[in-house]
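Here come two complexes built around chain A, the first alongside chain B, the second alongside chain C.
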Partner chain A sequence: MSFSTYKTPSGFLLPSIHSAPPFFTQQPNAATQVVFTEQWTRLILAYARYRRLFTVRVEDAEVSGGEWDEVLRNPRINRRLMPGQLAHILSVMVSENLAMYEPAKQTRATLLYWRLPEEWAEVLYEWQVVNTGQLNTILTFYEISEPPVPSELSGIPQSLLRSAIAVLVKGGRAQLISISDGDGVRFFPRNAK
Partner chain B sequence: MTLQRYTRSVDGTIPISALLYGDEDSYASQDGVGIYDGVQKSINHQNGTVYVTTHRLFYIDTTKPHSRSFALDLSSIVRTQYYAGLFTSSPKVTIYLTQETSEIMDSDETSESWLCEVCDFRNPPGSSPSGAKCALCGVPRSKAHSAAPIPPRAVSAPPSSAHLLSSSPPAPSAGRLKEVACPACTFLNHPALTECEICGTALTHAALPMKSAPSSRPGTPIPEGAGDENSMLRLSFRRGGDKALYAVLKRSLLGKAWQVRAKTIGQRTTSTNVERFGIDGLVRGVETSAQSAQLDMNDALKDLDALMVKAREMVRLAGELNERLTVVAGLNASSGGTEPDTATFIRSSLVQLGLQMTDVPVTLDMAHDEKRWYEQLARELAGVLQGTGGKNGIGMMRNRGIIPLDEVWGGWNRARGVALLTPSQFLQVLPHLPAYTHPAIAERTFHSSNLRVLHTPTYTPAAFAARLHGMLLISGSRTTLDIAQEENVPVGLVAEMVDEAEAQGVVCRDEAEHGEVSWWVNDFQGYVWDGQDT
Partner chain C sequence: MHRHRLGGVGLAALQRQQESLKSFDALSNQLSNAQVDNLHAQLYQFRAALTRFATHHRADIRSDPRFRHAFQQMCASIGVDPLAGPRRGGWWEETLGLGDWQSELGVQIVDVCVSTRPRNGGFIELSELVRLVSRLRGLQGGAITEEDVVRSIQALKPLGAGYEVLDFGDGSRKIVRSVPKELDEDQMVVLAVASEQKGRINEDLLIHGKGWTAERATVVLQNMLLRDGTCWLDKQDGPDGTGWAYWVPAAMQWDD
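Here is the complex of A and B:
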């Protein structure tokens, strides 16, 4: 009995465990369930990074036709992840700081940290310095998430961007500025202080 | 006329003994007898045999026994007269008959079956009218035989009764003299009535006879001629034997067997040795048996009480004996006495009898004895489980590796037949079982359901898990049912075992939507990511 990997139409290489039917069932055995949750977490983050997906909702497991179908369903073995199990996986991810509920105070939609806010901060800073060289100028959030030239930051949710900037502000490399049409940010050179 | 009024026709072709009532005895007989009806010779009864019984006087005609024979109830005789005869005149016995109380039935019912008024049961003949009771319900036979199914015979019935239109049942004809005519409608009422049966008018029992009333009005007819001559019969003994028969007749009349009979029946109703039939008999029988059962029970319980008292004495005695033995044993302890064996025997016997001594703890010696007992039981159980045939047949686990405890207990007790074991005793035997079985049979409890089973080494958790793992490796996945078929073990037991294997992480489940659970080898513990590189 061996399972094989599978390349989805979008080009993502699904791990072999994804073709094992038990992988889609909630296991009463806690140890087994931990292994499965771990693999699901890894799979969800990998797919999110591959497809640049920032959120996953419990609805994605309930209704087909979404961006997550390739992962949450396996029509080749006629299995799909049950919404309850997805909710369980998400709660584990939140508790491990691999995701956060967005908006807060609910458990049906999460923002995925396939990069941690600290990593995003680095990415943001590098992009700012290397790609634009616009130090000391003020950029709006819109300019960052919807740049004319697509970047790694394209489409980044505001809340994630805000926490990334918060990391930079803490390190003295950026300053949050309130301007008329929304918030803006000014970056400082790394050795400014 | 007297003949017709007082006698009943009988079939003389039947032997006389068959005509008698059950309680009637025949005393004497004389042939060559002629009958006078009143003072006239009765033409049809001039040569016959007369029988005298305790109840009746029979005349069986010699020439035409079928049609001319008759019987006369002795109860209707008031007195008799003997005439010794002179020259050509034969000796005669004159019988004077009562005019008032005679009860001549319309029909010859005593030799026929009769219908009970209450339950409509057709009773067989054989008992005199006064003593007859329904064989089914026990109700005495009614005097007024309204339900008698046999139509009145023309021979014995008064001629005028044929055209009766009366609403009352055909009443005894001789009772007419006391009937009371209603002053308003002239209906002849029964003397017991105080109101007219027809119109309700109060009756005066001293009412004058109704001269204007027609003689054939409703009611049974007034007997024609109530004179002395008309209530008299004569027996003419043409061939002698008159004295002997007359003596017997007198004796019968004095004996008044018909009255005695009625009296004894009345007394016997309370006695139990009377033969009874029907519902009455059944009810009485049930009552009797219930009564005797009650008595037996009381006796038995008395015995039990006595036994209990004795048992208590026994226990006390044994306790005293035990104490004394213990003291002696204590004294002999230094010198290595052998008394403890005896004490142990007494104590263990008491325990096995269920007679616990309150102040004596269960000692090690007793436990030792019990242990031996349980070991023997374990040996027996091993035979029941693994026997190769013989008395107990093939052992229960000969072809089965795993078997629920309740089934074993039931099977063992069935095999024992007597001296059944309690579940608690059974459970105490189980720890000794592996020592006496080969392969060793052990007990196992499933955690999820607390179901307890006995199993061979093949079905230890580890062995089963290993086998299951191998099976799933080859086949991919299996449902519980598949596994049960492969293992030849009941599904319920397999489910329990697979659950335990799952708890150990050997297998993992796959629940398809709305589908059955299938089991997979849990090889994901050390899974290495082989998907998209990140």
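Here is the complex of A and C:
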């Protein structure tokens, strides 16, 4: 037996460290734990990007059957990530601005930044230009996160969308507006400041 | 008053003596010059022959590990070390381009050691190192052997990076250390036992397999785990998934 990569049913390639039993235990050696946390962080973000998952919860390590099973469990070696270790990993990710507790004031659920709000802002701006073919248009949040034609932004959580728009507002490229059926955003051409 | 015809006293005798000394000197100079010239000529010939050989077989030396081994044996038997690089601008380097070859291999060894350090704590089995370096070099890099890697690591020594080849204790396997950590005898035993278990180790394997006391086993494993970071903890071992086991990453074989 050697430690090797594994392709999950969903087609994601797990790194070889995922086939090592101790990877699923919180390490008492701080330096080792730092390395493990880095590897878990990279793995969680890569998988989230691959499956377009926006959130991960400590609960995902507690009960099986969720969308995180392929990563948080390894039935081939009969190991699963302990909830305490996942909570630790998430706290490190939050401190490194790779995730955000959502909702705020709790530590059991996080929004994952496999794209930073700044990167989402660019995606949103480009999509909006291509999609509408013009600027100075108004789009509702719903039109952005649930577009008729699936896009990069399909399913984006409101809070993440809000952060992305905030970046555009700051750069003078968008304006947050209130419309009858909720929030909306108006986009400006790039040079309009 | 005559004593000796040549070695007499007086000014004339002194002069004679000095002259003969001079001519002895001259003769001896002549002789040693001839010897030195002769040696130079021999060295020149030898050098030319070796150069011819080396240039002619450069590709073989660089790409074929068996040929390289034979060439090194030959050079060692006459007391020269063509691969004792990297020396910038040396004759061997110019002639063979082997200085480059050796430096390149050294860089690749460091690359593998550093990039695998997070998961092996700075200890890697020599065979595993050779495997990973070979993969890094790709096919056109030419095959390399454990001997090449060991020589390269010795060449790295002046850099003071602390790279060292250690014996496992069972005569055949070797381990390369790329961190300035000492492995004591007990840790070497742990490494050897873990290596037979694909990396897994626990107190029982040491108590029953090596006749250690429980205390000795615990102390070594705890030191490796907590102090040195050379082994990892698994708390989901055993049939019920709650046992404890230790894993020595340096003894685990990784496929990527």
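Criterion: the second predicted complex is superposed on the first by the 190 of 193 C-alpha atoms of A that agree within 3 Å, B and C clash if a C-alpha of one lies under 4 Å from a C-alpha of the other, contacts with A are read in each partner's own complex, and residues count from 1 in each chain.
Note that a contact is a pair of C-beta atoms (placed from the backbone, for glycine too) under 8 Å apart; a residue touches a chain by one contact, two chains touch by 3 or more.
Since the structure is predicted, the reported quantities are computational estimates derived from the model, not experimental observations.
K.L.:
Clash or fit: how do chain B and chain C relate after the overlay on chain A?
P.N.:
Aligned on chain A, chain B and chain C clash with each other.
K.L.:
Looking at chain A, does chain C or chain B touch more of its residues?
P.N.:
Of chain B and chain C, more residues of chain A lie in contact with B.
K.L.:
Give one of first, second, both or neither to describe whether A:Arg173 is in contact with chain B, with chain C, with both, or with none.
P.N.:
A:Arg173: touches no partner chain.
K.L.:
Per the contact definition in the header, classify A:Arg73: touching chain B only (first), chain C only (second), both, or neither.
P.N.:
Neither partner.
K.L.:
Once the structures are superposed on A, label A:Ala46 by its partner contacts, choosing first (chain B), second (chain C), both or neither.
P.N.:
First partner only.
K.L.:
A:Arg115 contacts which: chain B (first), chain C (second), both, neither?
P.N.:
neither
K.L.:
Answer with first, second, both or neither: which of chain B and chain C does A:His18 touch in the superposed model?
P.N.:
first
K.L.:
Taking the options 111-119, 129-137 or 147-155, which segment of chain C carries the C-alpha atoms that clash with chain B in the overlay?
P.N.:
Among 111-119, 129-137 or 147-155, only one stretch of chain C overlaps chain B, namely 111-119.
K.L.:
Can you pull the chain A residues that chain B and chain C both touch?
P.N.:
In chain A, residues 1, 5, 15-17, 20-25, 27-29, 31-32, 35, 39, 78-80 are touched by chain B and also by chain C.
K.L.:
Once bound in the complex, which stretches of chain C touch chain A?
P.N.:
On the chain C side, the touching residues are 118-119, 121, 198-200, 225-226, 229, 232-237, 241, 245-247, 249, 252-256.
K.L.:
Okay, in this complex, where on chain B does chain A touch?
P.N.:
So the residues of chain B in touch with chain A come to 472-473, 476-477, 502-503, 505, 508-513, 518, 520-525, 527, 529-534.
K.L.:
What residues on chain A touch chain B, complex-wise?
P.N.:
Residues in contact with chain B: 1, 5, 12-18, 20-25, 27-29, 31-32, 35-36, 39, 42-43, 45-47, 49-50, 78-80.
K.L.:
Which stretch or stretches of chain A touch chain C in the complex?
P.N.:
Chain A reaches chain C through residues 1-5, 15-17, 20-25, 27-29, 31-32, 35, 38-39, 78-80, 82.
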